[in-house]
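In what comes next, chain A is part of two complexes: it sits with chain B in the first one and with chain C in the second one.
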Partner chain A sequence: MKTYNLAALLVGVPLIMAFSIPLFGFISKQLAKWITVLTLGFEFFFGLYIFLWHIYPFNVIMGNWIPPFGENLYIGPFATVLIILISFVGLMISIYSLWSANYGDISHFTLLFLMFVGGSIGLVSTGDIFNIFIFMEITSISSFALAAYGPERRALGGAFKYLVISSIGSTFYLFGVILIYTQLGTLNIAEIAARISQTTSGLLTFAGILLVAGLAVEAELFPFNGWVPDTYTGAINPVSATLSGIGSVGGVYVLIRIIMTVFGKDGTFVSTYGNLDLMTLIAILGTATVVIGELAALVQKNIKKMLAYSSMAQMGLVAVAFSIGSKLGAYAGVFQLVNHSIAKAMLFLIVGVAISFGIGEKIEDVKGLWYKSPFLTVTFTIGALSLLGLPLFGGFWSKFALVDASIQRGGWYDFVIAIVLFASVVEAFYYLKIVGYMFASKPTSTAKIKTPISPAVPIVVLSILIIAIGVFPQIVGGISWNAAYELTNKMGGYVLNVIPTIIGH
Partner chain B sequence: MSPLVALLIVPITGSAVAAIIQKYRIAERLVAFLTFSITFLFLLAIKSGDLFTWNLGFLGKNVEMGLQITPLSLFMLYITIAFGIVLTFYNLSEKSKMKSFLLLLTMAASNWIFMSNDMISFFFAWELMSWTSILMIFGGRREEEARHGALYYAMMSIGGSYSMLIGIFLLYNLTGTFSIQSNISYLMSLLATNPWWVLGIVSLFFAAFMVKSGIFPFHTWVPYTYGEAPDGFVPYLSSVMSKYGVYGFLIFLPLTLGAHVPSVLGLAWPNYVLLWFGSVTAVVGSVLAFMQDDVKKLFAYSSFGNLGFILAAIALFTPIGLTAGLFHAFNHLLFNGAIFITVIAVISKVGTTRMSEMGGLWQKMPLTFLTFFIGIAAAAGIPPFAGFGSKWMIFQAMISHGLIFATVLLFFASIASFLYLMRAFHAIFLGQLSHRYDNVKEVSSIGKITEGFLLAALVFFGIFPGFVLDPINSIVSSFGLKPLPTSGYEYINGFFSSVNMVSIFVVVIVAFIFGFLLFAVVAKHKKVSQDDNYTAGQIPQDWNLTPEMYQFSYDFYEPMDKEIAPFLKVKIDGFFKGFGQSVDYIGRAIKEIFTGNVQMYTYLTIGGLIVFIIAGWVVW
Partner chain C sequence: MIDFLQNWIYLIGSMALVGIGLYIVLTNTHIFRIIVGLNIIDSGTNLFIVTIAWHPKSVMPIYTATNNLVVNGHVISADPLPQSLVLTAIVIGLGTTALALAIAVKIYQKYGTLDVRKIKEEDR
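Our next item is the complex of A and B:
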């Protein structure tokens, strides 16, 4: 068991900074924004350091209480890639917010934002099933407030819906945790994972169902995703980007961690200790989400709502990839998660810039954007094509891997992938329609848009990253493969790294 | 740097440069022209058998990727890049919304398709080519229609690609390698035991190729797309991009299915079916073409009709069939390029694509007229121009196999092609000149050079087909077939006989001079202006007649249209459109789930949990 306690800063720093932001706010409101950028920059480079110097996998042990007795953070490859992703997307959004977030007291926004990102990083790194609940609540509560932030009344409606559904989901999750705790008397993920077969199988099935249902709310899976369209549409654009690029990542992470590490069985595609295969459940939910999300996005007239539905559909795609259960499937899932997070956050930011320059939210309103701002048009196209899985852009490789994994699994996954690919054609239609509006149509007005430097930087960086991944898939591919190993070999990849002495049952 | 890599790097670099300076039309077009020319110089350094491999860290291992040059890919590279040079040279003076950086990316993808030795890069290049061309088509002349055309193309094309993607992975999971060569040889070994399984995988690939080449029943997107694409891009689309499908077919056709599945007339039935797809495409394309009034749409139908000829010929996979198909592919590239370039020259001058609004333009644009004339003569298969030899060989190939019905169909298509070519010829260039076009001028000198070059090429390759047949023969022998005998550059050796094109050329010239003399000496000419009409004293306005309506090519084939109309009620196009509409309808229904009412969402959430619990209970 490797330990590296300094990494506790990853969770500690953003939370501490978040709560001290009101103090900085006394000095200057602008300082609060820069504090956010600096904090997330620190997170990102710390994450990069862990990744590039191959420090992972390691544990952070609190107060010398060795797991399973104490609470620990476990930072394996999966957590590493997600920490980098979350802090990177967060950093980009915080740079963007230097320009965009100007409603009311800005220190409120930055406080909540830092809390959200810090909570998400805690969520992906904690090794304790109840701490997951705590971090989930931190992120949820800060994101309710974030979603309600801004000048528009509909933001309140969206935030309220999110609040209601998310609370129901948290309750489900908590019930599931309680059921497991009554059976095993431990909350440590590694110990639960090793001893999962000692439980009553009927009760475990019930616990699994509750956990999946609760987590599917955050992971945006149908039918638990009713909140998505209204919340995304109502929130200001940096918040929509945050929810889509960071919030959903955390949600999917927990879902996958529970399904694959806690309930998983080494060397099989299934994860079941009752008779209900939770992987099948996820596959059905994922496929339904993809189809419903894409078809609903097809008929949207509001561009933000369309992005919201597309976001939902992409999370379904990620869920389908993980539910395949093979190493290749997990690889595709991690890869797709990264690609989606980058691209969708970028699209929301671009739409945010366009809207703030007086372009409406209707899809027809982006007509002729090329004549007003080639920069926004080209970057939007890059993001959209990456989501469609077209070459030169990151999404190509993850969709490629997803199809590979599904065909390799075979059986009824042939049908799943056929449905998913059909939904992808639908997705191609509405994204290309928007791209066509942007490029080909005559603009209604000729006012040029000159993107300010602060939103331009994150958009440029994100689009360069998309192309970089598209040309060199190794950038994400290597660590995704390690993460896939961690997920599909729960004893070797996770449990023994946390508690080396434990014997799997 | 290997010249093989240069064929990818140079266009991509050129594309980046063109993208940066895309505001300056002349400069970006110049970059496109220079890039095509430099790529061609690198191409000269490439010979058959060249190989380049690298490793890609993907799917958790090092996947070997490769570029390889076969005689077929070399042939395809030469003709497509050479045509690209001609087109980009013409485009220097062309003013449509064609973006050179997209064209150059398409060229990179095109080179990659022809060179790729593994299925990852093949698919990568295939998709790259798809999206660049889709984005290009958005820039068409008419905004709404162009978007419709581009999206139609996108849906078909991406659908086809996904079918190919599934095929790729079915193969990969059987063989564990992405190499095209190994997968083909694996399929060969599988033939003896599981021919149907092989057939299934190959059909997944063929669907993508049929979409790209516009083969029946996936031809419906072609008129919308070719008809609306930016003028400067249409020649590339129809001459070069339709050949990717042909190349794809030729990757898989060496699978000799004959010994393992039932055969018809000595032809394995999958080949037989493919041949019929080709023949039907030829007929459908030609018949629909002569009903068009939009000149770009007319030649769009004509273009995929010719692809039908090519497919029918290569489906035979005999030496003469293969030679004929490839020869026709080359000729189609040439004459279709010439036709489309002259057509877009005319469109850019008169500002309309409707033929009934044109007429008499030969007086204003004589060189364009001449090039177009030779182009359609070649397309109709009139000796001694390029196009005659290949059609002649296709018929020989069909007859030598005893495929009488298919031959009759192709003959019918060929005659129908006379009809539409005649219509276009008459409507655009002959007849009376409308006063609107009094100020129309001949194309610029760049256009003249291009047209002169194409004219010369059409005649040259017509008279000396040997220059094309030689490389084709080496392709045929690389497929393990015995090439046709060669005897000098001016001969075409068919299955039954051989033709000396030079003597035919002399005969045609003599006949032409004789006819011209008769025309000059005997006939008395009177120039009739368009207003000097033949309405027998009636005032045209009283009858709701507009000048277009007494343009004599208006409703040119009206009686024939009426005869054919009942057969056109069955519309493949309608099927795809109806499918799209039902998807849209389902989308609207699904949207209703998300009512925006939080109570509804709560019911959904709780309901979902209850369903899960019931499911868990049932299986537990």
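Our next item is the complex of A and C:
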């Protein structure tokens, strides 16, 4: 068991800076924005340091109480890749908000944003099943407030809907956690994972269904994602980008950690303990999410609503990839999570720039954008092609691995992958429709849009990264393989790294 | 009967509270009533967590000269951990309620109503 207690700063610094932002706000409103950029830059470079110097996997131990007794943070390969992803996307959005967030008191926005990112980083690094609940509430309460932030009144309705669904979901999660606690008397993920077979099978199944129901709200899976379109459409654009680029990553992480590490039974293909195979349940929910999300996105007239439904569908794709249960499937899932987060955040930022320059939210309004702003058109095309999975763009490698993994699994996964590929064709149709509109008809007035430097920097960096991943997939591929190993070998990959002396049952 | 009630009343009560809360949230269209329903679900969950750590003959979980926590090899004290978890859950519930009420006030200022159906009509 390796310990590296300095990494507690990853969770501590954003939370401390978040609550001291009102103090900086007294001095200058601009300072509050720059503090966000600096804090997230620190997080990003700390994450890169952990990744490049191969410090992971390690534990952070609170107050010298070793893991089964005290609370710990466990930062393995999966947590490392997600910490880098979350802090990078957060950094880009905070640079973008230097220019865009100018509604009301800006220190409120930056406070909530930093709290959201800090909570998400805590969510992916904690090793305690009840702390997951606490971090989930930190992120979701700050995201309700973020979703309600902004000049438009429809944001309030979306935020309230999100609040109601998410609070009921987290209550279900708490119920599931307590049911497991009554069986095993521990809250440490590693100890629960090692002793999960000692529980009563029926109660474990019930707890599993409650946990999946609660976590599927944040992970945007089908019957629990009614909040997604309203919330994404109503919120201001940096918030939509945050919710889809960071919030859903945290939700999917917890879902996969619970299903594969805590409930998982190792084998060639991971299955779960209990009367019901939760991996199959996730596969069914994921497939339904993909189909319904893509078909709903196809008929949308509003571009933000379309991106919201597409975000839902991509999360379904991630869930399907993880539910295959093989190492290649988990690799595809991690890779797809990274690709989706980068590309969808970028699309929301581009739409935000376009809207602020007087282009409407309707799909017809983007007609002839090429003649007004070639920059926005080209970057939008890059993002859309990456989501479609065209070669030379990031999304290709993850979809390729997903198809490969499900063909290797065989059986009824052949049917699943057929549905998923059909849905991808639908996705290609509506994205290419927008891209076609952008290049096609020449508008009557060709007043040029000159994108300011502050929103241009994140858009350029994100689109270069998409192409870089497309050409050199090993940037993300190597650590995704390690993450896939961690997920599919729960004793060797997770439990023994946290509690070396425990005996699996 | 008394034994049955002593053992099960809180468990049944907590489940009933969660059911009542879910019913209120799902059937009401008034935002304030939905918030009350959320609060009832929270209370039910908290009661459930306290209940599973306790039984009628348990003693307090503090070791003193007269208070034995272990009798004949069986732990007879109440489990203190879920009670500390409940404290956290109560605080989180309070925060959620405060935010929900703040959003409800904003909704009333901008729409002039708290009825979900009317808000939906106005958004069209």
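Criterion: the second predicted complex is superposed on the first by the 502 of 505 C-alpha atoms of A that agree within 3 Å, B and C clash if a C-alpha of one lies under 4 Å from a C-alpha of the other, contacts with A are read in each partner's own complex, and residues count from 1 in each chain.
We adopt the following convention: contacts are C-beta pairs under 8 Å (C-beta built on N, C-alpha and C of every residue); 3 or more make two chains touch, one makes a residue touch a chain.
The structure presented is a predicted model; accordingly, all values stated were derived computationally and were not measured.
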If touched residues of chain A are counted for chain B and for chain C, the larger one: B
First (chain B), second (chain C), both or neither touched by A:Phe206: first
First (chain B), second (chain C), both or neither touched by A:Lys433: first
Chain B versus chain C as contact partner of A:Phe160, first or second or both or neither: both
First (chain B), second (chain C), both or neither touched by A:Ile168: both
Touched partner set for A:Ser424, first chain B, second chain C, both or neither: first
Which superposed partner A:Ile466 touches (first chain B, second chain C, both, neither): neither
Chain B and chain C contact sites that coincide on chain A, given as residue numbers: 157, 160, 164, 168
Chain A to chain B touching residues, read off their complex: 157, 160-161, 164-165, 168-169, 172, 201-202, 205-206, 208-210, 212-213, 216-217, 222-224, 226-227, 229-230, 274-276, 281, 292, 295-296, 298-300, 327-328, 331, 381, 385, 388, 390-392, 396-397, 400-401, 403-404, 407-408, 410, 417-418, 421, 424-426, 428-429, 432-433, 435-437, 439-442, 473-474, 477-478, 481, 484
Touch list for chain B against partner chain A, complex: 56-60, 97, 120, 123-125, 127-128, 130-131, 134-135, 138-140, 143, 146-147, 150-151, 154-155, 158-159, 162, 165-166, 169-170, 172-173, 583-584, 586-588, 590-591, 593-594, 596, 598, 600-602, 604-609, 612-613, 615-616, 619-620
Parts of chain C lying in touch with chain A, wherever the complex brings them together: 18, 22, 25, 31, 34, 38, 41-42, 45, 48-49, 52, 81-82, 85, 88-89, 92, 95-96, 99-100, 103-104, 106-107, 110-111, 119-120, 123
Chain A to chain C touching residues, read off their complex: 130, 133-134, 137, 141, 144-145, 148, 153-154, 156-157, 159-160, 163-164, 167-168, 171, 174-175, 178, 181-182, 187
